[in-house]
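Letters are used for the chains, namely A, B, C, D, E, F and G, taken in the order the chains are written, and counting of residues starts over at 1 for each.
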């Protein structure tokens, strides 16, 4: 997996970006979520990974003994996941309400606010 | 590498191939309920895989993730059912 | 009216200093304003400043008196006078400043306040346009000037003009010298309406007449000349300085005079003769000899006197007759004898007829061209033509208005009130007095010319120099001018005959520039900001790809050493499964399939976390994943079905961008993980979690203790998201629909 | 010994899951897949959990394993029911070889009335 | 029945805690034994409070055993059918008339039916008289026979416990 | 000392929380907001006083020494930004009390504002890259909500773009954090600054910088990453636009400054050129955008971009003088731009439109408002002696001293086009005769509907105008402070020593 | 959803969800779990309830307003950091009652209080989101 992960991350990034570049609301949000996975995995992987050794101090011990996974990136990724969830939830609902009010299912139609009016 | 370890590894591989099979059903469909059920099954298989992995590593703390999955999987199915009901009504 | 007391008082104060300044003393005072930036409010009263200050306050007092009556009954006069006084003060500040930045500040303030003066009739479109034109050109030049002055300051190591003047050599050696000079010249040219920036001045005639009288006779437009004169000691002798001033000054001078005699509007004639006069001044500064500087200083005064007077008279005529068209006006002298007399005197001064002060200035001008080493025939003839046309213009302004043909006016004109007459009368009288008793002003003008040209011989003004070349030239000019006037007088359609093609007019160029600027703005904006979200996204991702590739090209692709002992089938299967699921989220034609696939990817990520010892992460991922799917499902049933577009090439392009991006990220992850990492935090957390943090789950201890601030932030995000979602769904403007949630 | 027992149970469980995975691919219609298959996986997971409990031989683990089992036992039939119901309502077609459909009959008013009539008759 | 499940659960948890306390391994045999011991201590106690328990426990065990037996058997049947290339299955939907009345009874019944491979509770009629069950393995069986099997198999045993 | 730093964050946070307890109770929320924001501003002043004495104040959160816990660091720059945040929050808050519709207030406007102020201050004070990410995200989510609150069509359209592009930026930010941690094994900025020297290849540091360039580039709206700004900034109510304009992009610029003076200090011609290119294009394309618009608020919003270009220009030049200029420029645009937005809001209240075509005659009817506009607009255009001139002057001088002639040229051209855009507004909105169709009757109904200029609306505008004129006339102390700030930024040793506690 | 089977199942499940969430919350400091995960599990139970019975009924059943939970959670999280200040320590410094050892949870201390705040807030957030979305 250590060797597979970079490719997995790359694949997720590519897929996410490709989705985000579509015209569809739903694909946009799915793409963002996948990009979220990709960046979480990247943060996780790039901080170096250790297989099968969670950072849990065993009963009776005072400290962890090597090998153990770096707990810090885990904490960071956890925070990032949660934050991502909050923001994605908002984005999902935004898109729903946006769809209801803007009344289009094509993102390309959302170009009124920043075009020059002449 | 004890024989037990080999068995576990083998079991894990079998499970991952099962996941691939079920995955095919998600892709093929054809109906939404088919996919939902297949999705549910993938979740179940994941529970099994997590359990096996905790056996392989000897770390029981992974089982907590499996517990959570076993509790929460069902929510997905219920939500999809809700979706079908709503969209069915909307179609009418 | 009462306002006129301020400039009058200032004038009076200046007069008290007259003696000492004329004696070569310099009065200065300084106050540190922004020492960090080398800026102080330092004032410096020498001869040149004194000359200008006197003009500013003196004519200012007269104009304010005049305007008090002129503007009666017009709307918003309070705002008008506010701007006028602000202008006066800034003009005064400009000529008194020693610090070049404070000079610039006043310089810009004059642009600023004149904008409001010119745009006084702002509900009229033309007026707004003229004001804007003047503002943009002078402020645009101001930008160049700012850069030039800063360069000057950097090169000279000081922001004080009095210091810089003494460091000319030092400056000349710094590489910034030429640039500074060019930039300053541009700034001055715009302000002093030199070709090709001259056109804003005639347009600015949209302003009320007192404004024109003040701005265009003695103050605003002379600011450029003033600054050129100020910096003359620094640049005198530098490459290009003389040539630039001579050429552009000359063109402006001849062109202005030529156009002036083709006008029918009194104020337009005055405006173009002003342009011409400014060209003359620039040219004199360009000649740069001692005598030329003397001529310039004298002409500044002469021109201020007669031009101020004539503008005020134009205002009176306009005010009393309702017309400024010289073809409609005529024989007004009988009804307006005082005005007429003043006009005649001013025009005689303009035409350079002795014993008026204008005569003296003309004499010196000729003297300076004759004294020139190079090009003197050309310059002399330019002066000659200009002088001739000035005579013609003077004729137009006096003869055609107050004598000549009968007027075609509807109303019966009568003499203006005394408050309005005072200004022109005083100025006319001064033209005579200073002409005859030139000794009165001699010391001041002498000092002023010394400032500009420190090695200058003492000045000795007198009317009669004896019969010499200059006198002969003057007289010839006069005769030719009278002939030219006659030609103009009897050929009313002259203007249309010699009409310059619109396309080669600088004002056309200005208009074109502004139009094409607007066009450019529009095009660029439409291209960059075209409204398509995906274009924005691809710009962002594309930028990243380009930048990352530039950096990455120095690195090879790291070797992947596949350790077969680490190779696990289920890893590969799961990885492939995730990639395939991701692929299917992309290609799925049904959004629910896409979401199910998304769920698969999510569970896959959770499993990766499991494999690499992150059970907390896995749990969170599973929960969040499921909740996201639930959210999606709750929201989705109202959303549209997937749009499938076949866009062939565009799709392919986007595919390429995405694939490139993915590849780069893979590369980066592989690259960085190929280096060893020594994280001292990792060890510390492992050792401290239980003894210090009282917890065995190190991740949780980090979350709630070591880095609890992050977690606090994280829950704030969640709370806000909840509030936001509630707001999005439930927002209503109706008060009674309040819900207790 | 423990390992052997554990391995045996796990293998059985895994096979159950594998079979259900094959079934999900092979079986002809949605309802058959749901009714025949998904539960098999639940049983499979239950077996694996048993294997886990046996191997670790620890209270905590046994509790966790049984918790997973109990949760699945409660949730998976409900999930199957709720999805099956929704599918039927949504008109997911039955396999062509389906023998009869009393639900449809009931909805058409054929069954419910008969039965109630019969009951009424008996009571009389 | 609802009264019994907590007792068993309680017995299991107490047994586990006990094993933990004694630091004995929670092997299946240990667990079973100690659960049985604790349950038999609890049982007379609860019997003093509620006399029904004594009557219902065997029935409950009967139900559970039957259920697991069905579960395994059905699983094997399905597994066989899935693995072998030919399929013998013929599905149908039967309307199972219910004697179960309370929510709990219906739910447990429906869930047990669903859990058993080959049958699936599709829907409950609004008047709660029928449970519509999707069933496979329809060879010579008629609808009546399937209903019969479900009613005597699951429902009867369940109702014996709950009533 | 530490608690002084803490107060600045705690007060708005508690204000937000208490407001949540008073959900839907607008009156109490107003009071809570007012009290907490005033208190926050006072706390910021107090912190400033303290920082001026001690140079750098560090709060080690939860008592864990850096780099193990999270450090909050108040140096000159961050304290000063926090102070600006408090002032602008207060001003815009008061303005919104007179301008915001009741519905938006009921749906949480005030708590959201509090959280926004909280997060912006936090972002300024954070001394830890991941913690900075968290602050950014709080800021984002609260701005998302404020942006969309009210659900108008334009708002939602704008919000969708704003949200999407900012989420993308966060993704780059997170990846960048990963890269930096993967290289240095630490998160504390000061610690990174120390350890980054042992990274095996400087190219890797540049690579990390690229990630942050994208992330902060989007947040601060530089070319070609600014697209979200013109798409969205003009859509919410003007008070929201004003506070966004005042604070959000500045956080991006702040992060730029912090990272490029503390962490990415290695020799890299690539990064230098990148910054120069970005500064020039951002300035110029931003102002072209402003010149092309025909709507009061759009001109102002798009113009923000060009000002960001100026700030990046200062960073690109990178000398002490340039950074001094940047600091002054920040004060200048925060005051002036916010004020212009608020004035546009008042005009909209009076005339019911932001369209230049539909406006006119304001100078005639409301000379005082026109005066306020003139001061801000000409300050923006860089007219002396207003603050814009000093800002421009410092940067131009820095450019000329630092041989960045190209940047100076672009900056001056941009200044010219700024003047053009501002005079366009002035001509169309203020000088032009009011359009024919706007009859007196309509004015009366407008007055009834919107209310005339009330005290809450006018007070902040006057106050900010006074402040902006004040910083122009008393430019010396500001420049002095800015110079100190620049010095501190260019000598990160003080920062590092203080944060890592090596002072003892 | 109007299903007897689902309703009955949910009635059994909700206490399970709730208990399990408390278990996760209190052991989070020593084993995988913690306030966030626990909060999600707890609120998921109520989400189920809401799916079945509709938000209106859930809200009536569930007495606390979610916004109140959110505010309370935040307040608790902040206050848990303020307590050490009263004790003269830096903000958020963990204070522990070292002599007490509670089963599952371990030693009680302010970080646990913080975790409870997280728990409440997450619960409130998910409920708020679900309630908002449901009535549509």
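As a convention for this text, a residue touches a chain if its C-beta (ideal position, glycine included) is under 8 Å from a C-beta of that chain, and two chains touch if they have at least 3 such contacts.
Bear in mind the structure is a predicted one, so any value in this text is a computation, not a measurement.
Interface comparison, C-G versus A-G: the higher number of contacting C-beta pairs is recorded for C-G. In terms of the distance between Cα centroids, subunit F is separated most widely from E. A straight line joining the Cα centres of subunit B and subunit E is 24 Å long.
The mean-CA centres of subunit A and subunit B are about 21 angstrom from one another, to the nearest whole unit. If each chain is reduced to the centroid of its CA atoms, subunit A and subunit D end up 34 Å from each other. Subunit C and subunit E have centres, each the mean of its CA atoms, that are 89 Å apart.
Shared interface positions of subunit G, defined as residues touching 2 or more other chains, are 1, 3, 5-6, 9, 13, 16, 20, 30-33, 36-37, 41, 44, 47, 65, 67, 70-71, 74, 78, 81, 92, 94, 125, 129, 132-133. Those residues of subunit A in touch with two or more other chains are numbered 20, 28, 38, 40, 42, 44-48, 52-54, 56, 72, 76, 78-79, 82-83, 86-87, 89-90, 93-95, 97, 107, 110, 112-114, 116, 118. Each of the following residues of subunit F touches two or more other chains: 13, 20, 23, 61-62, 130, 134, 137, 141, 144-145, 148, 151, 160-161, 164, 168, 175, 179, 181-182, 187, 227, 230-231, 292-293.
The full set of touching chain pairs reads A-B, A-C, A-F, A-G, B-C, B-D, B-G, C-F, C-G, D-E, D-G, E-G, F-G. Those residues of subunit B that touch subunit A in the complex are listed here as 53, 56-57, 59, 61-62. Taken in their complex, subunit G has these residues touching subunit B: 1, 6, 13, 16-17, 20, 24, 31-33, 37, 41, 44, 47-48, 51-52. By the touch rule above, subunit C contacts subunit F in their complex via residues 32-37, 76, 79, 101, 104-105, 108-109, 111-112, 119, 122-123, 128, 132, 135-136, 139-140, 143-144, 146-147, 150-151, 154, 176, 514, 517-518, 520-522, 524-526, 528-529, 531, 533, 535-537, 539-541, 543-544, 547-548, 550-552, 554-555, 665, 668, 671-673, 675, 677-682, 684-685, 688, 705-710, 713-714, 716-717, 719-721, 723-724, 726-728, 730-735, 738-741.
Residues of subunit G touching subunit D in their complex: 1, 3, 5-6, 9, 12-13, 16, 20. Residue ranges of subunit G in contact with subunit C, taken from their complex: 28-37, 40-41, 44, 47, 59, 65-67, 70-71, 73-74, 77-78, 81, 92, 94, 96, 106-107, 109, 111-112, 114-115, 117-118, 121-122, 124-126, 128-134, 136.
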